[in-house]
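Naming follows writing order (A, B, C, D and E), and every chain is counted from residue 1.
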Amino acid sequence: MLYRKGHEPREIPVSHIARYVEPGEHLIWVGLKSPEPALIEQLGAQLGFSSKAIEEINEIHRRPRVVEYTGLTQIVAITVEVETMRPTFGETQIIIGKGFLVTVRRSAQATHTKLRELLENSPELLDRGSDYVASMLLDLMADRYVAASAKIESGVEAVEKKFLLRGFQDTDVRRVYQYRRDLLRIHVAISPLVEICRRLSRVESNNIDQNCRGYFGEVADRVQRVDELLNSLREALAFAFEASLMIGQSQQTDITKKLASWAAILAVPTAVAGIYGMNFKYMPELSWTFGYPLIMGLTAGACAILYWRFKKNRWL
Amino acid sequence: MLYRKGHEPREIPVSHIARYVEPGEHLIWVGLKSPEPALIEQLGAQLGFSSKAIEEINEIHRRPRVVEYTGLTQIVAITVEVETMRPTFGETQIIIGKGFLVTVRRSAQATHTKLRELLENSPELLDRGSDYVASMLLDLMADRYVAASAKIESGVEAVEKKFLLRGFQDTDVRRVYQYRRDLLRIHVAISPLVEICRRLSRVESNNIDQNCRGYFGEVADRVQRVDELLNSLREALAFAFEASLMIGQSQQTDITKKLASWAAILAVPTAVAGIYGMNFKYMPELSWTFGYPLIMGLTAGACAILYWRFKKNRWL
Amino acid sequence: MLYRKGHEPREIPVSHIARYVEPGEHLIWVGLKSPEPALIEQLGAQLGFSSKAIEEINEIHRRPRVVEYTGLTQIVAITVEVETMRPTFGETQIIIGKGFLVTVRRSAQATHTKLRELLENSPELLDRGSDYVASMLLDLMADRYVAASAKIESGVEAVEKKFLLRGFQDTDVRRVYQYRRDLLRIHVAISPLVEICRRLSRVESNNIDQNCRGYFGEVADRVQRVDELLNSLREALAFAFEASLMIGQSQQTDITKKLASWAAILAVPTAVAGIYGMNFKYMPELSWTFGYPLIMGLTAGACAILYWRFKKNRWL
Amino acid sequence: MLYRKGHEPREIPVSHIARYVEPGEHLIWVGLKSPEPALIEQLGAQLGFSSKAIEEINEIHRRPRVVEYTGLTQIVAITVEVETMRPTFGETQIIIGKGFLVTVRRSAQATHTKLRELLENSPELLDRGSDYVASMLLDLMADRYVAASAKIESGVEAVEKKFLLRGFQDTDVRRVYQYRRDLLRIHVAISPLVEICRRLSRVESNNIDQNCRGYFGEVADRVQRVDELLNSLREALAFAFEASLMIGQSQQTDITKKLASWAAILAVPTAVAGIYGMNFKYMPELSWTFGYPLIMGLTAGACAILYWRFKKNRWL
Amino acid sequence: MLYRKGHEPREIPVSHIARYVEPGEHLIWVGLKSPEPALIEQLGAQLGFSSKAIEEINEIHRRPRVVEYTGLTQIVAITVEVETMRPTFGETQIIIGKGFLVTVRRSAQATHTKLRELLENSPELLDRGSDYVASMLLDLMADRYVAASAKIESGVEAVEKKFLLRGFQDTDVRRVYQYRRDLLRIHVAISPLVEICRRLSRVESNNIDQNCRGYFGEVADRVQRVDELLNSLREALAFAFEASLMIGQSQQTDITKKLASWAAILAVPTAVAGIYGMNFKYMPELSWTFGYPLIMGLTAGACAILYWRFKKNRWL
């Protein structure tokens, strides 16, 4: 679970780390996954972490932060993975020190194997120190944000296409709601990282060399662009909502108008029939030989005229 | 109610404070809770506050501010506590001077006991002076903002889950309204603190040392992140509103359509029955032996056709 | 109507002002209320104003501005007073020069008496010059903005409480509209002052000393906070609007559903009665002894079933 | 159509301009209105314009811009004039060079006559050079923006008053739409000028002296304030829209409720009459002597009870 | 497909490029359209690209970016072309090095022919180096954005005119939705270029000379203005939506009111006819000689009164 990197990578036990810390000569990378608090304490004792730092590393975080301790810089990033169109969040801590790098992953599926292989094959990168490797890790994370946002983008566009073809139904509204909410959750989870990387790229930090700051600035730019894309997607979903509301309303208007128009047309024979159903003794029309067909014909004519006028006014 | 801190903490009476003020040697921390104006005046006389400063300390504030007087810096912060899902606001004043620190709490439940214990156990922190302790107090306040926002976040998510399962009712709308309003109130109460801490971290102040400014900058960052989370929650509630409006409207459309369709179907037998209820002398159908079942059958057929068409068009 | 301030305040006539102008020694404060153009010209001649400055002073302004002339700085601020819940706007001009201060008020009720008394009692403040007094005048104005915004805040909260208790009516909507519009008017009237004071606190001006700039910066902060509070209130009214729309709509839905459901239930006996009102010769049911109570009973049963189903579906 | 200004203004032909260009001594102002391309080319040859500059001057612009050429600075501003409540847009180009100033107006009604007279009467202003005159021209333009925005403001307030008195009708909605659209068009036309003037006031330019930059900064401030006023007006129209929507909806609710309630009341006698219109042989009530008045009375009573209940529930 | 530019342009094969690279003397411009990866690798070997740069050039991009490698600066821009009112997106990469310029176009229709001809005719421009030519390419791209936005603007205005003349129909809503979505897509595609060009104009880059930075700043300004225009168009479409919703709703209100009013009027004769259709033995009115015309007349009168009242209240 832990590696040492000099001329050739070698695993070393936690209890011997202290004697290998030699900035400039070696780079020790300790990769931990959901570690026990005891392990962190043992590691902290070896690398000289303060008790406050150990406590902070053992905490579970839900938002990015950066804390500067004497001898180490702790960066907390939130990983986002999108599977079956719902995001799951994890935590990756990167602890940068002189001569060592500790990474702590919690509930994050993705591993750093690819980066590790790259580093093992190009030892000149390792010479640049733990701050450089940290910036590469954050860049890898930005890659994953881009991948996650691309998945969500395709999901949003599928929803939009469906909507444009045949409007929204009740369940679609719930799904759009879920998308918008998830986009907001991802925004909250990644947007502070922009500011954090921006600061690391500008402000003097003991554990980050000047020639490494530019890399953090590039990560800041990339995360910011992902964040802006997510905002645009949220805006697009808001568009879809509005348009859907409007189309739904105009369809309702249309059906309501049609049914109300038919009701108006049918009300005419009902009223006429009611009148000639009255039991007055003296109703001359009732005894006419052709009263029935005459009245029926007149009523049908009135209905036809109404039908024609409603059709003309586009009420029907 | 008041402590003196040097090598070992000791309580001293207000009337003797003046002789213990020795910046670099001692740190006097006066912790007051809803103090009488007379007490503030007595204290001010001891510590050399101007009359304008005493007046300002005795006032009750509803928004954060910072005022620079000669010899003291007054920071007003608003505390937020969330109980039974409603926020209650309090006021905490922190007065920073050379060699002393005065805190004034009004309607704020939370105490500084934990911080005091921490300070008593690590005297090296006290050596850093009143500005450092003030930044720790503000950090503690940011912790409470985070706790309060976490409570409200869970409340918002409960409301959202309920909404997604079975839509909003009248009382839910009122509750969502309350949440949004409370989030806005908290935003108004804490957001100026961001700017205030940012300024303290940048601008030269007589009572805040240069090596202490970074801590105020960190508080600014943390409060800003809480504020951004609160904004996201407000936006999420706005989502819920909109989606709820839309689902409600589409359900209304649906029920209205169904009832109107049934009304249209029932209007047919009513009109037919009306016609054969007319009292014309010469209505040949009336005297047919099978007139009644025939007409009834035709009417039922017409209704069936309408039912089938409405079903096909999803109006029913 | 005009004062001279040195060791003891004394009134001097406008025509003799010129000989008392002695920066560092005297401070002349000319307080004018809706002055005649002729008076301004006389005063300008005494104090050496350019003709363009005199013209500008005689104009009525509706938005804040600042203009730099040689020998004087003209600050235009808009006063806001809230009475009977409607804001009234006035204009206060502050003309700062070396050794003199001219204030011109138009349609502004509030006076500067309190400030003048304070100045007369603490002559050391006057030694700081006309720029310092100007900053105190602007601070006084910010106090009044705070007072006005507190009044409007209480009005907004009264409207909100009423709304949450029993919803909005037509007249309430008009009142909410008025509030939102007034808040926007106040925002337009005071927000440029933020930028103006910020600039006076940063940029070199001939008539404002470097040690005075901080005071203008504090006024900028205070006005900005009032402006942000007003924005929040506007947002709160927008919440109230939306929520009201939604509650109104859900109540409408409810009543409409209930009435439509009752109409559907009543349509059943009407259709049945219509059928047995037909005049066919051969309708066997009509001659059954218990036909009438049987049919009535069946119809009542159908209605009861509909009632029960609608009740279950919450349509009734 | 062209003037030379030194000790006394004199008209000179285009073909002789070149020999009068003497920065510091003379100021040549060429005022052109919708000039032919050939004229611009002739002028450009005299003043040494590059071919790209001549091409750019001959183009028609719809948005402000500033281009820096060697020897000249071209400022494009969009003029806005409001007549009969609709804005018309024009283009004014200001070309600043050492010793000369060229203005090109296209479809702009307003002239620079007033400014020219002012300049002719105060020769000391001319000594400040073409950059100073350019800033005065832009200030004049800002005056016109203020005048245009005041006209639109009064129009918006008239619409609002009408709306508050008796709500919106269909044609009003169209007019409000036009206003909002026009405000957006003006915003697009003038807002880039803010940034342009801000840059001219900050950045070194060959053709603008350092002591002249402040004037461009003041123009930037004024245009920005006009732009903010226009934004507020747009927001006010959005308010009016929303409020109108809500009042309209609540009135609809009201009328719909009333008509549906009356329909429910009338449905009772219709159903009862239908029942006693049935032709059953054995219906005992029909032969009662007082059956008719009794049933009519009961029905009327039921209607009265419904009326009273609906009135109590405010459905009627 | 490739050119060399010195005193006279000449085509050279890819395999000989390396020997012509002589910054200050020659400028090599390699223009590639959808190149094979193998070609890029061959070119990269000649010009000394790192393997990471070659990989990046072979990737397809959907958002602008800028990457700094040793010896080259890669700018990725997204081209936008609007045909038949729908935007199509392409990718243009500009690789700036000392003495060479590589452009890679993918799915972009527009060519750089016009710029190439301009450069061939004015060799002094080529002397300014590859960074200058790159800024001209980006300026050309900004020209195309302006052209694309002008096309969309005319489309939006056509939609608006249609809407103001006769309101929206279902298909229009879909088209407006498409426009808004496309505007958002273009915004996402071009807005990062603003920040990228701004940075190139400010920050030191090995491959961009100081005297060239201003040109990138101008491109940033132009793209930003296009982006702001697109935002305004989106806002205008949002206006159209809202207004359309409102007009649609007010028309619905109107028709609904009219139909409901007519239904109320027709309900009166139906109820009256029902009453006199009852079969009570003792109904004195039935045997009156003029009962029929009297009752009919009274009913007609009641209908006329209702008609007149509804007309007066504008319900009809």
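By definition in this document, a residue touches a chain if its C-beta (ideal position, glycine included) is under 8 Å from a C-beta of that chain, and two chains touch if they have at least 3 such contacts.
Here the structure is a predicted model, which means the values were calculated and not measured.
Colleague: Name, by label, each chain that touches both members of the pair chain A and chain D.
Modeller: For chain A paired with chain D, the chains in contact with each are E, in label order.
Colleague: Shared numbers divided by all numbers used: is that above or below half for chain B and chain C, i.e. same or different?
Modeller: Looking at both copies, the contact residues mostly diverge.
Colleague: Averaging only over C-alpha atoms, locate the centres of chain A and chain C and give their separation in whole Å.
Modeller: Whole-Å distance between the two chain centres: 38.
Colleague: In whole angstrom, what separates the CA-based centres of chain D and chain E?
Modeller: Averaging C-alpha atoms per chain gives centres 23 Å apart.
Colleague: Give me the residues of chain A that touch two or more other chains.
Modeller: Within chain A, residues 245, 249, 251, 256, 260, 263, 270, 274, 277-279, 283 contact more than one other chain.
Colleague: Connecting every touching chain pair, does the picture come out as line, ring, star, complete or other?
Modeller: It is a ring, because the chains touch in a row that closes back on itself.
Colleague: What does chain C use to touch chain B in their complex?
Modeller: Contacts found on chain C: 160, 164, 214, 218, 221-222, 225, 228-229, 232, 235-236, 239-240, 242-243, 245-247, 249-251, 253, 256-257, 260-261, 263-264, 267-268, 270-271, 274-275, 277-283, 315.
Colleague: So in the complex, which bits of chain A are touching chain B?
Modeller: The contact residues of chain A facing chain B are 63, 65, 168-170, 173-174, 176-178, 180-181, 184, 187-188, 191-192, 195, 241, 244-245, 248-249, 251-252, 255-256, 259-260, 262-263, 266, 269-270, 273-274, 276-279, 283, 285-292, 295-296.
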